[in-house]
Every structure is written in C-alpha cells, then in structure tokens.
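Two complexes, one shared chain (chain A), two partners (chain B, chain C).
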Partner chain A sequence: MSAQATSTNRFLQIFSGPFGALLALLYAVGVTYVLTLDPRSLLGRLLLFSALALIYFIPQRPAVKFLLGAMLVLMVVPAIGLRNPFLLEIGFQVAVFATLALGLNVVVGFAGLLDLGYIAFFAVGAYLWAFFGSQQIWHVDEPPGTFTVYATFPFAAWWFWLFIPLGILAAAGMGIILGFPVLRLRGDYLAIVTLGFGEVIRVLANNLDKPINLTNGPQGITPIQRPPLPEFLTSPELLATLSRWAGRPINANDVYGFFFYFLGLLILGFTIIIARRLDRSKLGRSWTAIREDDVAAVAMGVPLRRTKLTAFAIGAAFSGAMGVLYAANRTFVSPETFSLTASISILVMVILGGLGSIPGVVMGAAVVTLLNIDILQSLSLQLSSLRQGPDLIPLLGIPWKELPTQLDPARYQRFFFGLLLILMMIFRPEGMVPAERARLELHEEEGEAIPDAELEGDLAPDEKLAD
Partner chain B sequence: MHLRRVNPFKEILRPLGQLLIFIAGSAVVISAITLLLAVLLRPTRIDIDILQTTLVLLPQVLIDGITLGFMYAIIAMGYTMVYGVLEFINFAHGEFVMFGAFAGVELLIWLNAQGMLKTAELGLALVWITLAVLLGMVVAGSLAVTTERLAYRPLRGAPRLVPLIAAIGVSFLLQDTMRFLQSAINGDFYRTFPEFGPFAQRLTLFTVDMNGRPIDVAIQYKAIMLIAFGVVMLVALNYLVNATRLGKAIRSVAQDQKTAALMGIDVNRIIALTFLIGGALGGAAGVLWAFRFTRVDPYMGFIPGLKAFTAAVLGGIGSIVGAMLGGMVLGLLESFSAAYFSIFSRGAFGAEYKDIFAFGILILVLIFRPQGLLGGKTTQKA
Partner chain C sequence: MSVILELTKVTKRFGGLVAVNAVDLRIETGSISSVIGPNGAGKTTIFNTITGIYKPEEGDIRFDGQTIVGMRPDRITAQGMCRTFQNIRLFHNMTVLENILVGAHTRTPSTAWGAVLRTRHFKQAEEEARQEAQRLLLYVGLPRGLGDQLARNLPYGQQRRVEIARALASKPKLILLDEPTAGMNPQETESATRLFRKLRDDLGITVVLIEHDMKVVMGISERISVIDYGQKIAEGTPAEVRKDQRVIEAYLGRHAESTTISMH
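Coming up: the complex of A and B.
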C-alpha cells in the first residue's frame, strides 16, 4: 500500500494521467503568477505551500512529482525570494524545523520514546558554534555584558564546515549521555525526565556565565560568524545582475539568504534520505519492535539498550547539525530560543504530520513553522494596523485602539499548539499523512481492504485486547 | 479490599503522626548533611565563618522548606491520585493550580477594591484567605472535571502516549487561555496578591545565643497559616480516602477498574471525582502559592507542577503517604540548595541551580528506586 492509494479520493483523481500532470503544472504556474503580482502576500505563500502539498498527494509517478516540486522549491522560491527575502527566510526555517522534526521522529515516531526536551540537542549544536565561532573564548574571564567586537576571531569562519560534523558528534554524545540513565524508563516517566533534562540545559545556558563565562547568560552570544561565501557569489557583476532582476539593490547579506536557504534544503534532503534508509533498515525494524512491545523484542534478540541509545543519538545528531547552522544564520544565540515551547512545537510538528511518517513530519513542520512565523505574525501586524485607525471592533463596539497589546495573536502560540495537540489526539492520532502502520492500528475498522493476516501481524497484542 | 471498621480518630491521628515523622526525619537528615558540609568546608573560607552563617540561616531555611514541602505535597496529591486511578500523568495539573491561584487572587483583589481587606484583623483576614482558598478549590476542581470529560475520557484505552500528549496540549491551552482572559480583562497577564492582615508579623519562638550575639528564631504568621492549611488538607484527604465510602470506591477503582465496575461502582463517576478532589487540592495549593510568592501569572503552575510530580515519584507514585514524604523532602532540599549552594561554592553557583537539583533527584530516583521511597512493588507497567 502506498501513500497515494490510501489518500486517493475523487478530488485527487482529477490529477491522474498526463492531463492531471498538466493541471498540477498549471496550478504551480498560477501560484507563481500570484506571487509575482505581490511577492509579499501571505495568500501567495499559503498557495505555494498548498501547491507543494498537492504535488505530494496527486496520483502521479514519483519522477513527475519530484520534478514539479523541485521546480517550485529550487526555482520559484529563489526567484520570488529576490524580491522578497522573507520567503527565503521562511524556507530556511521550514528546512531547519523539518530536520529537527525528523530527528524527533526517529526518537518518538520510530522508537516510541517520548522526548520532551528535544530542543536541548539543538541548543548543544547552536552553543557549540556560538562559543567557538564568536569571540566568547576571549571573554570567559569577564562577567556577562556587551563586549567590544574585535576585527578577528579565534577561529576563522571556514571552521564552520568542520563544526557541522562536530555539532553532530556533540549532540549525539549528549543523546547517549541522556540515554544511559533513562534507558530503563518507559513512556510517561521518560517524557518527564527528558523534559527535566531540557529545562536543565536551559538553566545551564542561562547561568553558565559564572564561574567562567561560557554562555554569556541570558544576554546570549553575539556576533557569531557566518561561513565565508565563495568569491564568485559576492562578485560585483553578479550582484549587479541580481539587482537588475530583483528591481532592488542586492548586497552580500541577501546572498547569505540564498546561501542558507539552499544549505538548509541540502541538509534537509540528506536527513530525509537518511531517515528513509533508517526506517527500512534492520535498525529501523528493531525500533519498531521495541516501540510495539519491548519485552517481545528482547525475546526475539533485539539489543534493547543499544537500540534505544542509537535512537537517541541519531535523533540528537540531526538537530546538532541544524543547531550549528542556525547559530550561523542568526549570528546570535540566547537561551530563550530553547524553551519548552520550542520542544513542544517540534512535537506538534511530528504529531500533526503523523508519528513515524517522514513526508507527514516534513509537512507538519511546514504547517507549524508557517503558523508560527508567518500566519500569526501577519495577524498581529493586521491587528496593529487596525489599532492605528479609528474603527470599532464589530459586535463589541469598542475602538480597536483600546484593544490591549497583550492580545497579539503572535503571543498565543501555546494556545494553538495546545489546541492542535488535543484535537489531533482525539480525532486523528495518526496525523495528517499517517505512517502506514499507525493507520492500520488506529483505524482498524476502515481497513477492510487489508488482508486479515497482515493486520494480525501488525497489531500489538494488548491493543487487540483493548478492542 | 478487606472490610474493616474505621476508627475516625485513628484515621486523623495516623496521617498527623506520619506528617510529623516525615517533617522531622527529612529536616534532621538534610540539616545534618548541610552542617557536615559546612564543617568540612569551614577551612576553605577565611572571610566568613561558614558554620556560623549556616546555623544562623538554618531556622528560616527549615521553615521555608517545610511550607514549600506542604505545597508540593498538596499538589502531588493530584498527580498521585489520578495516576493511581488511571495510570496517567496528568500533565495539566500545574495549570489547575494556576487557575485556582488566579481565582483566589481575583477574589481578594475584588475584596480589596471594596475596601474590605484594609481593616482586616487576624480573624477576619483568616476568613478571607479561607474564602479565597475555597474559591480556588471550586474553580480548579470544576476545571479538572471538565478537562477530564472533554479531553481525557475520549482517549481512555488509547495507546499510552496518546493521553499524555493530549495532556500536554491541555496544559498549553489552559496557560494561554488564562493569559487571554487576563489580558482582555485587565490589560496585562499577571496579578499580585493583595497585602493585608498581620501575616507579615513574626512570632519569636526563642532566642539563641551565638557567640554572645542573640539571634531570634522567629516564624512569620504567614508560614504558620500555610502550614496549618497544609496539615488540614492532607489530613482531610487521608481521611477521605481511607475512611469513607467514596475513598473505598476510589481505592478499588485504582486497584482494578473492571472488578470495581462489577461490584457496582460507577467507574466514570469515581474517576471524575478523583479529578475533582485532585484538582481542588491543586487549586488550594495555587492560592497558598500565591499567598507565599505574591505574584501569579499564567505560566506559574508549570514548574511547581513538575516539582510536585517529582515529589510524587520520589515518594512512590500512586501512594498518598508517599506523596506527603516526597513533597517534604523535595521542599526542604530545594530550600536548602537555594540557601546554601551559593555560600558553599563561594557564589560561583547561585540559587538558580535549585531546579537542577530537583530534576537530578528525579533522575536518580527513577534509576535506582523507580518505585519511590515508599513504593512497594514496581509501578512501571507497560
């Protein structure tokens, strides 16, 4: 059973065959047209996302879908990004969080270990490059503050490339260190301990400004170096050409926008490939086995300790790499990025998309990131522009001006995350794009087409009893 | 469940005795360790006499720890009871605490605005505080029951992680709901406990002579109040669970839901009542927390909730007596680490590390004694 077949419905049938491919192409072109009309419109960005989602779901050959998707991601987004760099920023953030979500998916979705402190590994990667890629080394003896910025750095910018693998190693090491003590714990206990671990990392980041100043405390570390751009990318001729196309001056900083966008996509691409390979590997099957029933798995010869530890290490490794990249992109790292809300938002991505489902998790990451940095922010902007005007709030009859600024939608991420989590758990625990196994387990009554033998093998014994 | 005749006096005296033993025991052990450390570290500091500083601070630290311990113990009841009945960690319990705190504080702020608090003598002030605590209990209790009905009941019987994730969702949703309500009504999202009554006054217990310097060992009326509320609530809960029909029903549902249902117990009703009791205790603890720390905000319940859960695990989750012990130990440990960590490490590590202490303990307990200090058999079921 493939994902297409399960989600086939009448609407998507329109997109089958050569005519369907043409229709999808037309839709993509239409979206591009809307975006060229107004590169800044939220509607355009949402349409772009819908086009990408549609391309995933339509019943076409993988090559066709891949081609259409690549056209949008690799050509349309950068082209529009010339005129509105925010699109590239969103693209980069989606890539970062999709990678994080894929890492968490290894731990939660594949191995069934609920990790509520996942952002800690991201913090490890980010602080690693923040410490070595900034001038913090020179300030370890000073109390936190804003330091004078020198012209040189202890490590040259190209070390960034070496710190990506180092970030992976450091985060994986942390995963193993955390994994050891909590190996014996199951389910909810593990969740609480990992949550505590995440908080510990945040407290450490906040307080390790003394006795030696490693993190510069709540103020965070800045400036952090970005990797050097190849010379041809910053040549005046290229910048001049790009400026002509964009209709606005393009400088080296804008080039960094493209650079990070493509680098993020590249790492995400690698991550997807690795996650897919893992899912179908012997290790992946071991994870499934311990997720479903660890006693039975051990009886069948799955090494419990090692399997769980690799899940922690690999999941952490993904976010370690992205941490390094994120620190370089922001040039600033502070503890508040690594809050519990961030951990939970990654969990929301995984749950929304579908536990264990790679395309689902990527889609979940895109939806949550869009909600987080685009939709809620746009609503807030809208509200604040209404607040400038003399109009009254409909129904209430109070002027918009008197609406407290505390009511900004952008401040209510937790509300939406919470609501999403509850609704998903009650109505669709397998997520938007369910992994095959989860769909079989959670919607047994709808799976008439599946032979009984297959179902029998897939269900854990206690779930059968529960029904 | 064997039948036995209940002696009400015994059911009140037993938890009182247990509480006393737990408080005295953990206070003595932790003080002894701290003093030992102080003696050992004494030669490292020449600027101040660590031992003397430690001794001077000790009574206040103990009182702080005990009041904190009572609050953790009361909050831990909500976790442990729900866990006992459903084997489910109610992640949103800290938010019930927060709602209770807001309800109580709002009532007091309103009373203050009416000018009712300004003139309050001790007796009247006590009445107002009790009213606030009761309102907190009603609000948090009904919120807990509503939450159970809407979000948790539909998920009963689902795989284990499903209700847990929903509970995290409830926790986040409730935090921002309160934030929204407060922002919409008051324009800002935090409130302050109004100051009234003679609670800040101190009652001098005795005076010690420290190298010719007399030092008063005093206790605030506030601390006495907090301890009194704590004792009453824990004893009442013990009585309810051990000596009433409802308590027997709760215990039997915790033991075996199906059999309890066969014996004619309405399991859904008992589960809802368990949430009601746990939530009400949480709400009361929230008002007391606000009384102690004065500021309430929508995110205040989270960390206490986590700590109280740690306390419940420390004592042995599912066990009410265990939660009392765990709460006491954790409260004292936290107050001691907040007070002494910085002195002992020459200010290199501040009081902020107290949270790390609490989580460190949680991890250690789970590794070496997952059934908790008082737990009998293992509580980890797949």
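Coming up: the complex of A and C.
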C-alpha cells in the first residue's frame, strides 16, 4: 500500500509549480469542453467530479486550488446547467447531503458519539418549514385525505428566510433533547438509543395526522412555498437572454434551479467554515479528548455533559438549516425521506470520506450522492434503452431484451454501497481523505519513524531549565 | 501551616466491598506527601474519590477550605486540583501539544462563538495557550520538537512527563501523582523525582504521590500516610513510618522478623 501511495504522490507531482497549475486548468477546460459537446453525458459529469477531486489533491497553493475549484463550481456548472438543469439538481443534492454529513461528522467523527438517527434533525427542519410554509395550519382540523386548496398561505413565502435560523434553533434544541438521555451511554448503547430516536421522529411524522393533523401522515405535506425570487431574476429580459444562451426556453422554474444550487452551496460553505474553525478550537480539542478518553478528559477539566450536548446541538443545527431548504426545494415533504436507511446513508458518506476529515466527508457525500441519483440511474436508463433495441449482449449472444429486470443497476444501490464499504474497510479504513489523526493512527508503520535523536532529546534537561 | 486538602472519615464502598474505610488525611499547603500501601490497598480509589470520579458514601473532603464532595470532577479541576494516572491516560491520538492544551481547558478563556467568528480575543487566547503549553513542555524536560508528535508514539518515560505537563496546564494548587515513576529506570526515576521537587520549590504546588518505589518515597516525602485494606494504618515522617510495626506487618506479613522496610 505504501508503494501505491508513493506512486499516487508521484502522479500528483506533475501538477506542482506554475506548469502544474496550467495543466490542471487545461484539464478543467477539457472537461468543460466535453460537457459543452454533450451536457447530458454521464461521462462529462464524472469527468467534472474527477476534475474537482484532482484540484483538491494537487500540490498547489490553497488560493490557486480555490480559484480553480470556484471556476468549475460557480461558472462551469451553472453554464452547463442552463442546458441541462439536472446538473444543478445533482449539485444541490450534493450540497444538501454534504452539509448533513458534516453535521454528523461533528457528532461521530469529532466527538466519537455514534448517532444512527441523525436524519431526524433533518426531518425537524424540513417539517418546520413544511408546516408553516404550506397551508397545513389550515388543515389541522380536517381529517387526513380531504384536501381543500386555499388561495393564500398563512405565512408569506419570504418567511422562508426567517425559518432558516428557526430551523437551526429547532434542530439544535432537538439535539439537546436527544443528548440528555444518552449522556451516560457509550458505544453500542448510544447507537441503539439514537436509532430509536430517529425512528420515533419518523413514526411521529407518519402518525401525527390524527387527532390534529400536523403532518398529514404518510401522504406528506404539499405544496410548500419556495422563497420569492428577487424581481430582477425573473424579469422577461433576463429570461430571454438566458433562453438565447441555453438554446431552450428558460422560465422562472429554471431560475429556481440556479437559486437552490447557489443557496445550497452557500450553506455548505458556511458549514465547512464553521466545522473547520470549531475543530481547531478549544471545543474541538475537548471533543477529541472525550472521544479518546472521557475519564482523563473530565479529570483535565473538560465538562463532559456540556461538551457532548454541544456536539449534538451543533451537528443537528447544520441539518436543521438544510431541512428548511430541502422542504422548499422539493415543495413536498413526507416521512419516507427520513427513514433509517437515510441515516445510514449519511453515516456511509462520513465513513467513506474519512471519519473526522472535513474535505473527506464532503467528498464522501459527493460520491454517495452521485452513485445514488446519477450513476446507477443513468446505467439503468441506458440498460432499458438497450432493452428496447434488437441488439445482442456481447459474448453471451442473448438479446438485451431478455435480460431480467432484476439485474437493473438501480436496484443494486445498497449492494454497491455495501461492497464499497467492505472494500474501503479492507484497503483504506481511514477513508478517502483521511483526517490527519486517523492516518497516523491506522498506518503507523508507514509513517516516518521519529528520529531517535529527537526522541531522546537531552535525557534530563530539567536541570538546565531549573536555573 | 495551613491545610490545603483535608479528608474526614471518608468511606467509599463498591457493593459490599469497603474500598476506603473512614480515612482521615491532612495535606499541608506547600508540602510533598506520599500515600503508600500494598497493592490493592485502596490508594488509587482515594485519589479517584478526591478528584470527584467517585463519590464517597460517607465523610467530607475539603479542598482549600471548601467542601468538594459531590462536585463534578471538571469543577474540582477548575478549583485548582489536578492529577496524573497510574496507567498513563494520555489522549493517544492527539499531539503532545494538544494534550497539554486540553489540560489548559479551564484556563483558556476562548469560546465557541469566538472560534466561529475568529475574534481577536479568540486568537489571542489560543496563541497564549499555545505558548504556555510549549513552555510547559520544556519545563517538564521534553525537547522542543516533540509538540507535534502523537502522544502514543512517545516512549514511556516521556509520556509520563507529558501527563505531568498536561496536569500543570490547569494551573493546579495541588497535584496528585499516581505512581509517577512506575516503569522508569533508575536514571529516569531520579530525574523525575527532581521534577516533583521542582514543582513544589519553583511553582509552589502542593504534591501528593502514590508511590511504590521506597527510595523515591523516603527521599522526597515530608509526610507519609500508609493505607492497608482501605484504612489508614500509620502516618508520619519517613523515619517514623519506617519504624512503625504495623507498616512493617502490612508490607512484610504479620510474622516478619525484619524490623525495617528494605530500602533498595
């Protein structure tokens, strides 16, 4: 493995220096070109992702990397998104799940508290705006199923902006409520209780349609308002210009695609900054300390209860904000989004990317989301189009038509996740972009040994210092 | 002389087992004292009870004139008492400097909001904490470059020193050292003993040791308390304790012929 690592490093060395920066830029431009040729190609999207990953890894100054990354994310993606709105949708979903994964990473990665019901906090944010941002308030006395449509909403759409901070507060509050009973628990016990909590929230969402109809039960709440767009974004002139560029009619609905993409990125950006800064603060050190040895941490003056509760609250807060955004984006919220498998998915993102590593977790979220909503779906689509045709499967000589539908790649989502996780745990247990700590921990033998001289130091230097 | 720590009839039970039985202990401010006793006598349990990890069933513990029974361990640390552990309990996957910074938790005034907003106050507090940690690293006799190493990669003797630096970072008035020289070679032990004395002489910290190495105990302690089966069986200066018949019995068995504790 160490040989593999060095060969990777040697490959990345090509991208050092001004020449390397140019090379990375060329690659990005090349990818953009492929995407302009066919905005809908899966290959183009994968290349785009590879370019972003490459930019993260190359040995360049952070400013250069940031510039290159921003160019792709803020210019290329929206430009291609004009012609293929699906790209923006993927971008938005990656932003949503990356934020959730970062929130879970605070709890699991930093503080070492295994939380299997994390999706519940996302549900709290989503249902908060779903309830107040729809006509549900007027439906509370109606039995579920009857559906009267009113002309107006109890809260105007602009309230959305106020509900983002409210969603943060509500989710953080739920985090603390969950935190209290599990303060004394560790490991397996903690995992089971949090799992139960996640299920309780989902079951509540499912059943709070009687006696008062708060959640409209399994049917979910719809329509939920989207925040109003500023007028200049929906002006006919702008839409006409955009339509000319895109080569297809662009309407206000498409503008919402851009809007949510950028808003998602903005919240993700804030989340990354906050998570990073907290990790490198006194609070971050306290989290690591209680993860390492809680008895020693307490003996050093770290308040166990408060430190754990802040981890739960902050982790939950991130997903609360995204919940509000997600509800507005979908205009529909139902309990099935918040299943146990969703919690597990987010945990998979965190573990795949690298427990405790912020860039790793973002990358893990991107990979899992892409696999989930793009790669497997696209393969399924391609397969079904092959099935329509008269061609034979190469080597086997059977017509595609007769291929059983059970072999549809989209059905094997969980299978691929499982496989991916097993392979990762065997070959790279510290994740794709390991946290520095985890790398040192799991690959000690490969790390450079500390030079003896440094360790021995001066054997009893205290005498010198005493003077 | 004033008393910094006073235990009155402290009893700690685990189910039917009385681990600590009505122990009285008085530690004078600025002294170096030792608690000794055979293995399993209850010494570490006394430390755990003092530092708030266990809550005593009976008795009172006063630190700096104030009762600390039932106080949370982190609050007790904030009051100015800190400890090391018998089986070193460093945060293994944190760097040496981070370990010391965790020790400084109660003395670092930075807040989470400050960290998120990167306020000047936050940066200043962190910088000061870092410099102080670096200073402590050197003070306990570790080389400067060690700060960035993971704690687990250090040899045993240096881990012990990091643990002391971590405890010192909380700016204690009283430090409890649980078998601080266990596993050290004679050279390391000697240099560690010098460090303990320095803590008292330079920094004015009251030092309480649990120790098995009689050379260390007899050499450094001003007062020694002997614990056996959870009870204090003797107390006094090293010379007094060495001659005490009950101590000799506890260590060598009831029918021991020898009249002095062997001193290597």
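Keep in mind that, in the parts below, the second predicted complex is superposed on the first by the 421 of 467 C-alpha atoms of A that agree within 3 Å, B and C clash if a C-alpha of one lies under 4 Å from a C-alpha of the other, contacts with A are read in each partner's own complex, and residues count from 1 in each chain.
Everything that follows uses one rule, which is that a contact is a pair of C-beta atoms (placed from the backbone, for glycine too) under 8 Å apart; a residue touches a chain by one contact, two chains touch by 3 or more.
Note that the coordinates shown come from a computational prediction; the quantities given were computed from them, not determined experimentally.
Contacts of A:72 after superposition: neither chain B nor chain C is touched.
Considering which of chain B and chain C touches more of chain A, the answer is B.
When the two structures are aligned on the shared chain, A:406 is found in touch with chain B, with no touch to chain C.
In the superposition on chain A, A:192 makes contact with chain B only, not with chain C.
When both complexes are overlaid on chain A, the residue A:381 reaches neither chain B nor chain C.
Of the two partner chains placed by superposition, A:12 touches none, neither chain B nor chain C. In the superposition on chain A, no contact is made by A:373 with either chain B or chain C. Contacts of A:281 after superposition on the shared chain: chain C is touched, whereas chain B is not. By the document's definition of touching, both partners, chain B and chain C, reach A:295. Overlap of the chain B and chain C contact sets on chain A: residues 293, 295, 462-463, 466. Listing the residues of chain A that touch chain C in their complex gives 274, 277-278, 280-286, 288-289, 292-293, 295-304, 310, 437-438, 440-441, 444, 450, 454-455, 457-463, 465-466.
Contact residues on chain A toward chain B in their complex (touch as defined above): 112, 114, 116, 181-182, 184-189, 191-193, 195-197, 199-200, 203-204, 206-207, 210-211, 293-295, 340-341, 344, 347, 351, 404, 406-407, 411-415, 417-422, 425-426, 429, 462-463, 466. Residues 51, 53, 72-75, 77-78, 82-83, 85, 89-94, 98, 101-103, 105-106, 108, 110, 112, 114-116, 118, 122, 126, 129, 138-143, 145-146, 149-150, 152-155, 158, 166-167, 170, 187, 191, 194-195, 198, 202 of chain C touch chain A in their complex. Across the complex, chain A is touched by residues 88-89, 151, 154-155, 157-166, 168-177, 179-180, 182-184, 187-189, 302, 306, 309-310, 313, 347-350, 352-353, 355-356, 358-360, 362-363, 366-367, 370, 380, 382 of chain B.
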